[in-house]
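Labels for the chains are A, B, C and D, by order of writing; each one numbers its residues from 1.
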Amino acid sequence: MALDKNGIAQRIAKEVKDGYYVNLGIGIPTLVANFVRDDIQVEFQSENGILGMGRFPLDGEEDADLINAGKQTITARPGASFFDSATSFGMIRGKHVDLTILGAMEVAENGDIANWKIPGKMVKGMGGAMDLVASAENIIVAMMHTNKAGESKLLKRCSLPLTGVGCVTKIVTNLAVIEVTDNGFKLLETAPGVSVEDVQNATEGKLIVEGDIPEMQL
Amino acid sequence: MALDKNGIAQRIAKEVKDGYYVNLGIGIPTLVANFVRDDIQVEFQSENGILGMGRFPLDGEEDADLINAGKQTITARPGASFFDSATSFGMIRGKHVDLTILGAMEVAENGDIANWKIPGKMVKGMGGAMDLVASAENIIVAMMHTNKAGESKLLKRCSLPLTGVGCVTKIVTNLAVIEVTDNGFKLLETAPGVSVEDVQNATEGKLIVEGDIPEMQL
Amino acid sequence: MIIKTVDSVQKATQGVKDGMTFMLGGFGLCGIPENAISELVRLNIKNLTCISNNAGVDDFGLGQLLHKKQIDKMISSYVGENAIFEKQMLSGELDVELIPQGTLAARCQAAQQGFPAIYTPAGYGTEVAEGKETREFDGKMYVLEEAFKADFAFVKAWKGDRAGNLIFKGTARNFNPVMCGAAKITVAEVEELVEPGELDPNHIHVPGIFVQRIFQGKDYEKRIEQRTVRQKD
Amino acid sequence: MIIKTVDSVQKATQGVKDGMTFMLGGFGLCGIPENAISELVRLNIKNLTCISNNAGVDDFGLGQLLHKKQIDKMISSYVGENAIFEKQMLSGELDVELIPQGTLAARCQAAQQGFPAIYTPAGYGTEVAEGKETREFDGKMYVLEEAFKADFAFVKAWKGDRAGNLIFKGTARNFNPVMCGAAKITVAEVEELVEPGELDPNHIHVPGIFVQRIFQGKDYEKRIEQRTVRQKD
């Protein structure tokens, strides 16, 4: 059975290691924070200017001066710090953030990503995504394997305007965990109850299947 | 009678206007602060990271963590701020400092200045001087008109390695106040008891003398 | 000290004109210069270019200027919360330059600090880099992005003193510090204006040298865009 | 939180080796990492390249490393207070690259923030610009200066917490913040080490993400180079 959004987030949480500073994009990535193990130390950076982002506030304790990049009210953990946007992107550009998790509309087999614009239809802007994908060395995409029309989002080449080139290292979808290699999408794991053929059928780009493919452990 | 160092500083102090942020170099420029009128508001920036530099501390009140760019112990005035070296030179490079006063070993008639190196003899380094002269739009040089050997320091061309090109706007020496124009050194004022001929004789570069030259008012 | 105080938003905005380029601090509705924006709406100046990370919402923040069609061009990184914006953009009424958020911050900071341009990897290989110079350093490609030029920067701080020194609170800091001194005139509004000497000089985020005018703001609404809360454990 | 504490200067300097490039904070003797310098002297590692605004004095600060001939090359803006330095430089024992102070700060900050290089007007038309690319923007000439690359940055802060967050005091701040995160490993020593949460997150000068190791320094001498006092009025 394919994963739901929480399932994707739960699987991605296993990629978060002790001592990591992590930037989470809007959508499924935000959910990842809920599944990170308690026994490791991880800090979340939000590019609007906080390191050490905590949980959402209790009702009545919201502070208009304390939000995340999704404009949601948040809290700060002990040891948190606030800084300006230039410093924030200095952290990102300078590769001080260990892991970036973000959503995508399309990913190509060479690691290109598109997630900010559908010409003529949707133009919300790239926000910090272009900075993140151009700088980070460890970029995991969290998304559904296919779009609402049932078309693959893992393509030979992106059809939408790019956000970044050759940058995605791993993709976790409702169907599979895939590594982006020099030779194409390499299937690492399938979702529980999902077959290699299911993944193959939902993947337009070149899918590399080597040996037995284990099932995801959640 | 030619001015002494304090006299030069006193004359330069008249160039400091209400509302100016001023950076003072080491030597004669440091003395300028003593002569600025009390009825105008001026703040001194020191490039090691303070805006709002105050007087020297009272004996026993020195703080090792509070010095100026000359490594002297100082105090901070109300409304002062501390910042890092990048921000400090951001102020300078971004032309937020209104007036820079510094010493020189040589100034050329095109506004070139040399003050950081005598090849084979003295190599202390440029410190912040190259940043200051490359960025500031209002640069006054405070120096003696001639060196210890009696040779002019106002030259056709600098002989020493340059600190900056075409940047000096005004020179105040023990003999005169001189503006650097497109056509050469323009004599604006002579020191009390100093004749135009005295200035002429002490100036190797082209000296422009137009009309009556007033005597400095101190 | 050099005093920067003006006693009203009217005096603080003196000199604003049709066709000018403004920088406006804030991220979403967090840390926006509410008083200055209201006054710009009241003055009804037109044909503005606004450099701001976001464009407010339909009835608050920069959305108010969009509503009155005062803005010709927006330079932003994300404008997803604003229907008026989308309509004006799709109809061609509004010229929009979308740029990466880090590039926006860096181009402000470059203007503040006298760097003519910066090299950033953001946007390389995308339409953002079209027509721009690109260059390799150590095997990685970068895009040359020029410092912004603006007439006024409007920022909002938590506390400020009469010498123009500013302190921000939480994530309301965001773009505000990097816009200070990045325009010809920087206007800061503060929730609390104090006397010079009351702020610890070690805690000042923006030294007064970067600010030309400061005033005590009033009636802050500080609207929350996405109120999100958790249940008690 | 992610804890960066190490319990001794020995552990903090683990991995330093002959031939490495170090950044060292401080301006003159103000804000220098005294504990780290003493340990580097004790370890007697050689052939170092040191990026530091100044070179200490003969018997304190970097002067101690010079005295033991541990340094092959200095990259500094001003070295006027150090006779050993001058002697080694004139004899050719010591390779010295003098660069403008603002360029030094900018090249550190570029390394910290992932800018490969910066354009500065400083040094244009002088021997500092020889062999470097120059370029005109808006009628003014600039020199291209590359980000530094260093193995370790040693900085000293006033207070720090175990998550690596730093706060500086007075002008002891200087180059310390811009060197944090500008080398592969940043080692911060502090006068007072506190628990995470004790420092106001609004007052932190350097977020812990830029610091890999932090330790409680000891026996700070904090020598004053030019004690200057005024008479009572």
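Remarks
Everything that follows uses one rule, which is that a residue touches a chain if its C-beta (ideal position, glycine included) is under 8 Å from a C-beta of that chain, and two chains touch if they have at least 3 such contacts.
None of the values given here were measured: they were computed from a predicted structure.
Once chain A is left out, the chains joined by touching do not break up and remain one piece. The chains that touch chain A as well as chain B are C, D. Each of A-C and B-C has its own count of C-beta contacts, and the greater count is at A-C. A separation of 28 Å divides the Cα centre of chain A from that of chain C. The geometric centre of chain A is 36 Å away from that of chain D, both derived from CA atoms.
Taking the mean of the C-alpha atoms as each chain's centre, chain C and chain D sit 33 Å apart. Across the assembly, chain D contributes 106, 109, 114-115, 120-121, 168-170, 201-202 as residues in contact with two or more other chains.
Residue positions 50, 76, 82-83, 86, 89, 92-93, 135 of chain A each touch two or more of the other chains. Pairs of chains meeting the touch criterion are A-C, A-D, B-C, B-D, C-D. By the touch criterion stated above, chain C contacts chain D in their complex at residues 106, 114-121, 137-138, 140, 142, 146, 167-170, 202-203.
Interface of chain D with chain B (complex): residues 27-31, 53, 76-81, 86, 89, 96, 98-106, 108-109, 120-128, 158, 168-178, 205, 222-230, 232. Across the complex, chain C meets chain B through its residues 1-3, 109, 111-115, 161-163, 165, 181, 195-197, 201-202, 204, 207-210. For chain B in complex with chain D, the touching residues are 46-50, 55-59, 61-74, 76, 82-86, 88-89, 92-93, 112, 116-117, 123-131, 134-135, 161-166. On the chain A side of its complex with chain D, the touching residues are 19-21, 41-43, 45, 50-52, 76-83, 86-87, 89-97, 135.
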